[in-house]
Amino acid sequence: MKIAVLHGSTRENGNTEYLTYEAVPKEKATHIYLRDHLIQPIIDERHSKEGFPEVNDNHTKLIDQMLEHDILVFATPIYWYGMSGPMKTFIDRWSQIMRDPSYSHFREELGKKKAYLIAVGGDNPKLKGLPLVQQFDYICQFYGMSFEGYVLGEARKPGDIKQDKAALEAAFELVKEL
Amino acid sequence: MKIAVLHGSTRENGNTEYLTYEAVPKEKATHIYLRDHLIQPIIDERHSKEGFPEVNDNHTKLIDQMLEHDILVFATPIYWYGMSGPMKTFIDRWSQIMRDPSYSHFREELGKKKAYLIAVGGDNPKLKGLPLVQQFDYICQFYGMSFEGYVLGEARKPGDIKQDKAALEAAFELVKEL
Amino acid sequence: MKIAVLHGSTRENGNTEYLTYEAVPKEKATHIYLRDHLIQPIIDERHSKEGFPEVNDNHTKLIDQMLEHDILVFATPIYWYGMSGPMKTFIDRWSQIMRDPSYSHFREELGKKKAYLIAVGGDNPKLKGLPLVQQFDYICQFYGMSFEGYVLGEARKPGDIKQDKAALEAAFELVKEL
Amino acid sequence: MKIAVLHGSTRENGNTEYLTYEAVPKEKATHIYLRDHLIQPIIDERHSKEGFPEVNDNHTKLIDQMLEHDILVFATPIYWYGMSGPMKTFIDRWSQIMRDPSYSHFREELGKKKAYLIAVGGDNPKLKGLPLVQQFDYICQFYGMSFEGYVLGEARKPGDIKQDKAALEAAFELVKEL
C-alpha cells in the first residue's frame, strides 16, 4: 500500500507537520508540501462553452502523483475553522480535473483510495474542528473514498503540539496500514 | 446602517449572485466582488521574528472598505462543502491583519458588526452546507460579530437557483435591517 | 400520498404544533400526538438470548399507523439541543421493532417513505438545532428514507413562534406533496 | 476533585461501561447507573400557571448526588445518533429543576463543574457521533460547564469495544484530574 501525505501548512516544520510525522514518518510515504508548488485558484468554467482553460501551474503534476498512491493523508492546519487556503485551492481545482478528458477516471480512481485527515488548530480544535471533519467526510463520500480516520490536535505556538499527548498517541495509531 | 456584500463567486452572474441580489439589491449596498481583486494566499508568519512581510495586493484596501460598513453579508458558492477559495483566502489573511499595528482595532471593530451568510451549492446544500454554517458561526464568535442569519440555496446549472423558491423567499426576508 | 405527522411536544397547542399546522393543516394528515400514548423506554436486549421481551404499551400500534403513510413529518420541540424525550423514546424503540419477526420489513418499508423535520427551540435554534438536523439525516440514511426538508423555528414563550415569519413561510412551503 | 459518572446504558456491563471504566475505574468515582432509578419523562409546564407539578421519582435525589461532585462524566451508548433515552430523560428534566425554588443555584452550580463525554456506537460513531458531541457542547455552554473532552468508541456486539484500541487509549488519558 503506497501512502501519500498532502501537507497544507504554509510554515515549514510547524505543529501540523510534527503531528503528521508521528502518524506517517518521513521515510514511510511520499510527502507532498503544497506550499512548494504553484497552484492557481479555480475559476469556475464548468458551464462556459469553452470549458476550463488550460492552467499553467503544477496542479496536474500533483494530481498524477497523488493518484499513484493507495492511501492519502491530508494534513492541514486549521485556519478559521477550515482547511488551509493552499489545501482548499488544491481541492477546489478537482472540479476542473473532473472536466478534463485526460482525467475521465479521476472520480473512479479516488473511489479506490483510503483517506485520513490530520488537522491542528489553536482554538478548541477538538470541538471547533468538527465541521472540518464533516466536510472532509462529504468530500470522501462524493468520490467514494473510504474515510478511515482523523486526528485533531491542539497547538497555538510553535512546538505546542508536543503537549497534546492524546493527539500524538492517536496519530501514532491512526494509519492502520503502516 | 451601511451594508457591504462580499461576493466569493468566481463566475459573474452565477446562482449565488442571483440569490444574493434577492437578499440585498445592488443599489442597497456596497457590493464587493473578491474575484476582481488580487488577494495573495496567507503565509503564516505569526511566529517568525520579522512577523508578516508586507504583501503587495488589494487585501488591506478591501479590509478598509469592509470596516466602513455595519452589516456584512458573505455570499459564496459552496465548493467542496466549504466556502470558495477566494473567500477562504480573503478570510485567511485576517490572521495577518490582526498582527498589523495599523489594524490593532480590527477584532474590536468586527465585533460591532452584524453578519449574514448566503451559500449556494449543488449537492444537497441544505444538509451538506451545515458544516460551513457552523464554521462561519465560529468565525463570528471569535470576533464577537453577531451572526444574524443564513440562507442555503440549491443550484447546479446556471439559472437553477430560480427553482429554489424557498431559498429565494428566505433570502428576501434575510436582512432585517433593509 | 398519505401524510402522518408525529408530534413530540409534551404541551398541547405549543409553538411547535403551531408551526407544524402551518406546514400540514390538521385536516390534511393523520396527526399523532406521542404524548397521548404510553411508550416504554427501550431496554437493549439485542444481544440477550431471549431477545426483547414483549412490551405492554402502544408502541406497535403507533408503528402500524406510521407505516400506513407515505410521508412522515416529525415535529418536535428542541429540548437540550435534541429531539424531545417522548420522540427519542419512540425512535429508540425502533431498534426493538427491527428484531421483531412480525416487522421483518420495517427497514425496507421505511426506506420507501419521505421524511420531513420541524423543530422549534428557544436558544438560537437556527444554529444550535443543526446537530439535531444532522442526526435526523443519519436516521433517514440508515433506513434509506428520503429526507426532503426541515424547518427550524425560534420561540421561547407560548405564542412566540408567530413572530418567526421566516419559519412560518418556510413551513408553509415545506411539504412539496401538499 | 470528586468525580461522578452518569451511566446512560440500559444494559449492564455493555461496551459503553467497559470503555468508561477504562477512563474512570470503579473505585475512583461515584458511578450512577440511571437505569436503576425511576425517572419520569418531562412534561413541559414552564408556561403553565401552576408550574411543574411535583414528580414522584428519583430525579432530585440524583441531582443532589450529581451536584456533590466537581467533575461529571456522561457515558452513553449512541442510540440513533443521540444519547440514550434514559440519559435524555434525565437531562430533559433539568428544565424542571431550573424552575424549582429549592434549586435556584442549579445553573450556577453546574457552571463550576467540568464535564466529559464518553459515547459508544455501532454505525461509524467517530463521524456519526459528532452531532451528539456538538449537542453536549451546547448543553455545557448553556450552564457554563467546562467541556474538557470526549471519546467516541466503536462497538456493535458485546465485547467489540476491546478491539477499538484507539478509543481505549483515549479513554485512559481522558480525565486529566485522575
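Should a chain be cited, it is by its letter among A, B, C and D, assigned in written order, with residues numbered from 1 in that chain.
Criterion: a residue touches a chain if its C-beta (ideal position, glycine included) is under 8 Å from a C-beta of that chain, and two chains touch if they have at least 3 such contacts.
Chains and their UniProt names: A, B, C, D = Flavodoxin family protein.
Note that the structure is predicted; figures quoted are calculated from it, not measured.
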Chain labels contacting chain A (Flavodoxin family protein) and also chain B (Flavodoxin family protein): none
Pair from C-D, A-B or A-D with over half of its contact pairs in common with B-C: A-D
Chain whose mean Cα position lies farthest from chain B (Flavodoxin family protein): D
Centre distance in Å when chain C (Flavodoxin family protein) and chain D (Flavodoxin family protein) are each reduced to the mean of their C-alpha atoms: 23
Whole-Å separation of chain centres (CA-atom averages), chain B (Flavodoxin family protein) against chain D (Flavodoxin family protein): 38
Residues of chain A (Flavodoxin family protein) engaged with two or more neighbouring chains: 130, 134
Category of the chain touch graph - line, ring, star, complete, other: ring
Those chain pairs that satisfy the touch definition: A-B, A-D, B-C, C-D
Chain B (Flavodoxin family protein) residues touching chain A (Flavodoxin family protein) - in the complex, by the definition given at the top: 9-11, 14, 35, 41-45, 47, 77, 79-86, 88-89, 91-92, 94-95, 123, 128, 130-132, 134-135, 138-139, 142, 157-158
Contacting residues of chain B (Flavodoxin family protein) [partner chain C (Flavodoxin family protein), same complex]: 126-127, 130, 133-134, 137, 147, 149-150, 165-166, 169-170, 173-174
